[in-house]
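Two complexes are shown next, each including chain A; its partner changes from chain B in the first to chain C in the second.
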Partner chain A sequence: MNAILVTVLKRLGLGVITLFVVSIIISFVFELLPGDFAKAILGQSATPETVAAFQREKGLDRPPVERYLKWIGGVVVGDFGESYSGAGSLGGSKRPVAKLIAPRLSNTLFLAATAAIVAVPLALVLGLLAALYRNSLFDRVVNVVTLTSISTPEFFVAYILMLFLAVKLPWFYALANVSSDTPFLEHLARIALPVLTLVLVTVAQMMRMTRAAIINLLASPYIEMARLKGVPPRRIIVHHALPNAWAPIANVIALNLAYLVVGVVIVEVVFTYPGIGQLMVDAVSKRDMPVVQGCALIFAATYILLNLVADIVAIVTNPRLLHPR
Partner chain B sequence: MSAGDALLRIRGLRIEGQSEDTWHEIIKGIDLDLKRGEVLGLIGESGAGKSTIGLAAMGYARPGCRITAGTIEFDGVDLARLDEAAKRKIWGARISYVAQSAAAAFNPAHQLADQFAEAPLWHGRMGADECRRAAVDLYRRLQLPTPETIGDRYPHQVSGGQLQRAMTAMAMSCRPDLIVFDEPTTALDVTTQIEVLAAIKDTIKQYGTAALYITHDLAVVAQMADRIMVLRYGELVEEAPTAQMLSNPQKAYTKSLWAVRSLRKDEERGEQPLLSVKGVSASYGAVQVLHDVSVEVPRGRTVAVVGESGSGKSTLARAITGLLPPTQGTVVFDGKPLPPALKSRSKDLLRRVQMIYQMPDTALNPRRRVRDIIGRPVKHFLGLGGAALDRRIAELLAMTELDEQFMERLPSELSGGQKQRVCIARALAAEPELIICDEVTSALDQIVAEEILKLLLRLQKELKVSYLYITHDLATVKAIADEIVVMYRGRVVQSGMKSRVLSPPHHEYTDLLLSSVPEMKVGWLDDVLARRRPGANA
Partner chain C sequence: MELEKMKHLATKGKVSRREFIQFAVTTGMTIAAAQTMFSKVAKAEPKRGGFARIGVAHGSTSDTMDPGNYLDTGTQVPFWGAMSNSLTEVDAKGNVVGDLAESMEPADDGKSWVFKLRKGLTFHDGKDVTSEDVVASFRYHMGADSKSAAKSLLEAVADIKTDGKETVIFNLSGGNADFPYIASDYHIPIMPSKDGVVDANGTVRSGAFTFEKWEPGVSAKLKRNPNYHKSGMPYFDEIEVVSVADNAARMNALITGELHWIGRADLKTLNLLEKNPDIQITEVTGYGHYVYPMLTTVAPFDNVHVRQALKYAMNREDIAKKVFFGHAAPGNDNPIAPGIKFATNPEPIYAYDPDKAKFHLGKAGLTSLKVDLSVADTGFTGAVEAGVLYQEHAKAAGIDINLIREPNDGYWDNVWLKKGWCASYWSGRPTIDWMMTTVYAAGAAWNETAWSNARFNELLVAARGELDEAKRAGMYAEIQQLVHDDGGVVVVVFNNYVEAHSKKLAHGDVAPNWEADGLKLAERWWFA
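Presenting the complex of A and B:
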């Protein structure tokens, strides 16, 4: 057990280091962006004096390294800085980035979690069934359907679903415009179509990896041994193959979960769902650098965390590591 | 044989195997009878169809194989006509299977006791508590250490020999009428093998279980079987009770199998040493594998390094070649100390020491033709090119008794023995003075192995090359060695001329090793065990 704890802590440490590297990259990429933040925020008509004052206030006149250190110092204690927006008039209301991101992030996480709760078990079950009835009609149909859905751009899937399930057959809400005081059940009802879209585009990969990982193991001598003990196919798949297939499956699930958090921007835009993806896109177009940086860091953290979880799953499902000699 | 006695009756069994989309017959009409409580040995070389027949006795054909004709009557029911669901009721309950590699045949994700219990629980033979008791009982009978708790372990937590016994226990869990043993001790060291053989033999005798015992090792089958069937190319060569088969084989093929083990070389004392390993220690990370090992290889002679797996034989080879620089000691080659690391050795030094490996399949690049495989060291070390290169490659092929037409072949177009010949030719291409042979015949059938050994002996005579021959097989040692070094747990426990090491008095471990090598006579196993039993010497 201790060896595992050490490994996990090591991975965690590496994750934190990776995050720092990412934060550096994020900051310096913005230095490379063309144009002037102050002019972009304040508009063409801004006088040189207001621009200079804005730059002084936001510290934009300081060297990049100093600005990075100030920013990352704040991030460590939970302060992501202040948004540039609303700063048009000097001394106007201050809008902390954390406050802007928090409700959006919680919306995105809610959407992602709902989609994951549907997609992950569905993908696993379909993958196991496809492995069990491999090369049967069922297997082929599942493969064709999932491959089709993954090969279709998600905005297209989204509009098709909207057209048929919200416009022609008014079963679902076409738009997912919720606010912080939308009741839980209505919130759930409103995100039905975005969830369905996300499920359709994520199930294929997870299902196919489950199928492949299981089938890959079916040639193992211990599977033959189980067969020759009289164990029926269903139990062989679930009891003998699956426990040894978690590592690759967990990896693909982690990637897809990360996509649900990080890659949903298109779905959010199509369904006008107030999530973090939309916030980031808006911030980019407005050159609201602190918000973009905050979002990017959260996305990076999501990726790193989920991959870490996948690694840990791979470790704890390996009896050689879990039960050392 | 009276009808009531018959347990298994196979008639006209034909099985086809698929390769590259075409089906070839691999079992060509086999008849087989087995009485209750009888042990039938199936022997033959790889490709003889032993395992395929063993599995077919369960009504099972591996993916890529199909049973095309014949009947497999098990206790009056034709398994060839049963559907999978009906066969599942028999598998594990009335017929069970013991595979060659226990490490691969146990599911790494589950504890031994759970895997033991699966068949009895699934077939409704026992409850969970009863299973537990039955497991402990069988573990004890099979002389596993701590039988009460060993079932809680995972497969990777027990040794290979223990795992093989645990698998036999698992096969016995439902008290089946028939067990198919598919080379159950092939992957084990001789000292471990003897214990597993004894445990299997005792247990099946106690329960009166019938068995098909599949092996390529004649001496092993002589201990285990009441009757022996010799197979070749999917056909029966001959069949007889064990004693008769050993003393009086009828067919030429059987006689040739019997003769293999009698290859002997007269030892010759070496003059000046070519290689001297002096007090070498080596480690993998924190684990020290070699402890103060000293070995001397005379010019033009063969020194055999013997020991069981984990004794440090291959590590010694790695230390000599520089792949694993020793932590202590020196390796002197032709009077001069060798630089410890491979990188700091000159091209000429590298040329003079070559290696041949155990698995010719993995030692040859599957995408290179024989011409390139052998030609590369010729170009690299000797700088030959053009027609001279071609001539040299043809010469090397001829030395290893291969035709010039092999030049354009890929490794996949060669048999196991031919691949090993190419490996030998590749080693010779560098015109080395020392060749380290790491278990070079272990992966080969006995007849092929014998040819390879003869080839190595002839080459030594012609080229005066020295061999450091690593092996765990004492029959091979007798066939090729001048001197023997016995290793145990990373130390040299005994060394000297072959005749000296092989005749008593030996070191305690050498004695164990020598007495564990199965001999081709009925009752050898019982004799050895009787001698070893505590109190027998007192």
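Presenting the complex of A and C:
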């Protein structure tokens, strides 16, 4: 077990360094973008004096390196800074980035978790069944359906679902505009279509990888031994093949989970779901640097952590990796 | 006619159904016809109640409560139109009327304006609306540290004074007969002040609805203000203004009944929406217009004949039909919409005429012309498509328009006012003076054509201070003629505000000054 702990600590340390590098890259790229917050907020009505007044107040007239150091200094002690945009219902005249991100992040995680709870077991079961009955009619139908849904752009899937399941047949909500005081069950009902969309676009990859990993193992000698011994096919796959197939499957699941957290902005826009993706897009278009940085760090951390979990699953399920010689 | 009078009384709810029918029958009408007529006119009577969900096309997480930075309908509709009042407002006919102000009188040849507040006005927290609040609300946008988009609008205000609790006096640096229109701007609501300073981020205002809850970029919830100063208004008990940026999602939410009203209906699929029996489309030609302004200081646009050649080389009818699906009115290089007081349609009309374009090119000493036109959808929606058509139209006149597609990002910063010829839009202003002073006067910060015409500038100042209507009309006709003949702007079209609502909602005449019934939909509409 010690070996795993050391690996985890090492990887976490590397992760922190990665986050630091990401924040530098984001800052640098951001400086290359034309315009700044003042000009984006005032748009066509910007005059040099009002822009200057904005820049003075938000400290945008300071050199980029100074602004970055001030920001990263805050992050180290857990302060993600304040959004450049003014106050609102959040009280006071400031909008802390953490307060802005928290409700959006929890919405996104809720959507991602619900989609994952449906998609991951579904993909695993379909993958196992497809492997078990490979080259049968069932296998072909499952493959064709999932490959079709993944080959269709997600916004198109979203519109089609909305057209048939919300407009033609009024079963579901067309808008998923939840707020912090939406009751849990209504929240679930409102995100039904977004979840269905995400399930359709993620199942294929996980299901295909499960199927491929297991079929790959079915050619190995120990499976042949089991088969000769007269073990039923179902038992072979679940008890003998699957434990050895976890590593590639876990990797694909981790990638898809990361996608569910960071890559669903299009689904959010189509269903007007207030997730973190929309927040980041708004912040980028308004050049609201602290919010962009906050979102970027969360996205990067999501990838790092999920990859770490996938690797640990691979190690734990493979005793050879647990005791490296 | 007596019947008309009765109909009016029925509309006001002052005559019962029985009385109305009895009267109508004496005029020779059948009972059935009288009954139909009564229900028709009585339906126009606004009713109290209901929770209206309004879907706007804008809204961003970076939106703020600060009125100086109300950027689009995401904040304008809930926080100005529903929650706040300015001193004045523009009605459905385009006239300026008092809102918080009961009266407004010019003094000293329009150099000074005296506004008297209505009696008994209160903010949502019960505090009285006083002249000091008005002064502080205006001062907020002025001064060196102002970050307000209304700063340049109030540049001509030299000084504001109170005279007692209910009177405010504005002293202007020059005469301005249209000052009450400026006071109707959505950037300048009246906010409560303390020691002469307003809390611009506060949610206590004086409007028809009180603040309930707001998640920037998602939705704003407001409740009816029972103490509103307009009697009987507003009619809704509660409203929610939801930001739905995606066109298809907005239309679908209207069809499924999750929204009662949507702004910016998608023109490409409007005919499908029109077929829906539960949905009504409203369409008004607003003051807004889409333009291709050229910098008249830059060659070849510094030659008036080149400008005129380019004006004749565009087939605006074709663009209105193909790019805007007929939901726009072709322009004539006069940036003043037909509905505005003193608007004219200067001759000659710039209809598509390649021969005339060639003639003007010849006068400029050219046989052919190659010019760059920078476009992006940020300039105006459809700027790229309209540019492609223009390119084709101009070929017949020997003009080669090199269309450059610019990025949307940073467009106002890097392209507009910098490139020789580009795309731009104006949501328009309710008066000629305001529009011309903002965009065409010499030295204006947003003079996107860098145009400087001595006669025009002289007339503009003279007309502003002129209180004689007939003389003003003459001056404004000449002003519009000058922009039309000599100016550097190609007005492509005046765009219509195309909006859709459920037939459950009812409304009076729709105001054209801004979208969403002059942004005041929440206060003016009701459930039928």
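FYI, the second predicted complex is superposed on the first by the 299 of 325 C-alpha atoms of A that agree within 3 Å, B and C clash if a C-alpha of one lies under 4 Å from a C-alpha of the other, contacts with A are read in each partner's own complex, and residues count from 1 in each chain.
Note that a contact is a pair of C-beta atoms (placed from the backbone, for glycine too) under 8 Å apart; a residue touches a chain by one contact, two chains touch by 3 or more.
Note that the structure is predicted; figures quoted are calculated from it, not measured.
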(message) I want to verify the contact counts: of chain B and chain C, which reaches more residues of chain A?
(response) C
(request) Identify the partner contact of A:P183: answer first if only chain B is touched, second if only chain C is, both if each is, neither if none is. (result) neither
(request) Tell me which partner A:G230 touches in the superposition: chain B (first), chain C (second), both or neither. (result) first
(message) Just to be sure I read the superposition right, which of the two partners does A:Y222 touch: chain B = first, chain C = second, or both, or neither?
(response) first
(message) According to the stated criteria, A:G78 is in contact with first (chain B), second (chain C), both, or neither; which is it?
(response) neither
(message) If I apply the document's touch criterion, which positions on chain A are contacted by chain B in one structure and by chain C in the other?
(response) none
(message) Going by the contact rule set out above, which residues of chain C touch chain A in the complex?
(response) 60-66, 69, 71, 144-149, 151-152, 201, 203, 211, 213-219, 242-246, 248-249, 252-253, 255-256, 258-259, 409-410, 412-414, 416, 424-425, 445-446
(message) Using the touch definition from the top, list the residues of chain A that touch chain B in their complex.
(response) 219-222, 224-232, 235, 240, 243-244, 317, 319-320, 323, 325
(request) Going by the contact rule at the top, pick out the chain B residues touching chain A in the complex. (result) 58, 60, 62-63, 85, 88-93, 96-97, 99, 101, 104-110, 118-119, 122-123, 153-154, 156-157, 170
(message) List the residues on chain A that touch chain C in their complex, please.
(response) 33-35, 38-39, 41-50, 53-54, 56-57, 83-89, 93, 100, 103, 159, 162-163, 166-167, 170, 173-175, 177, 179-180, 269-272, 274, 278-279, 282-283, 285-286, 288, 291
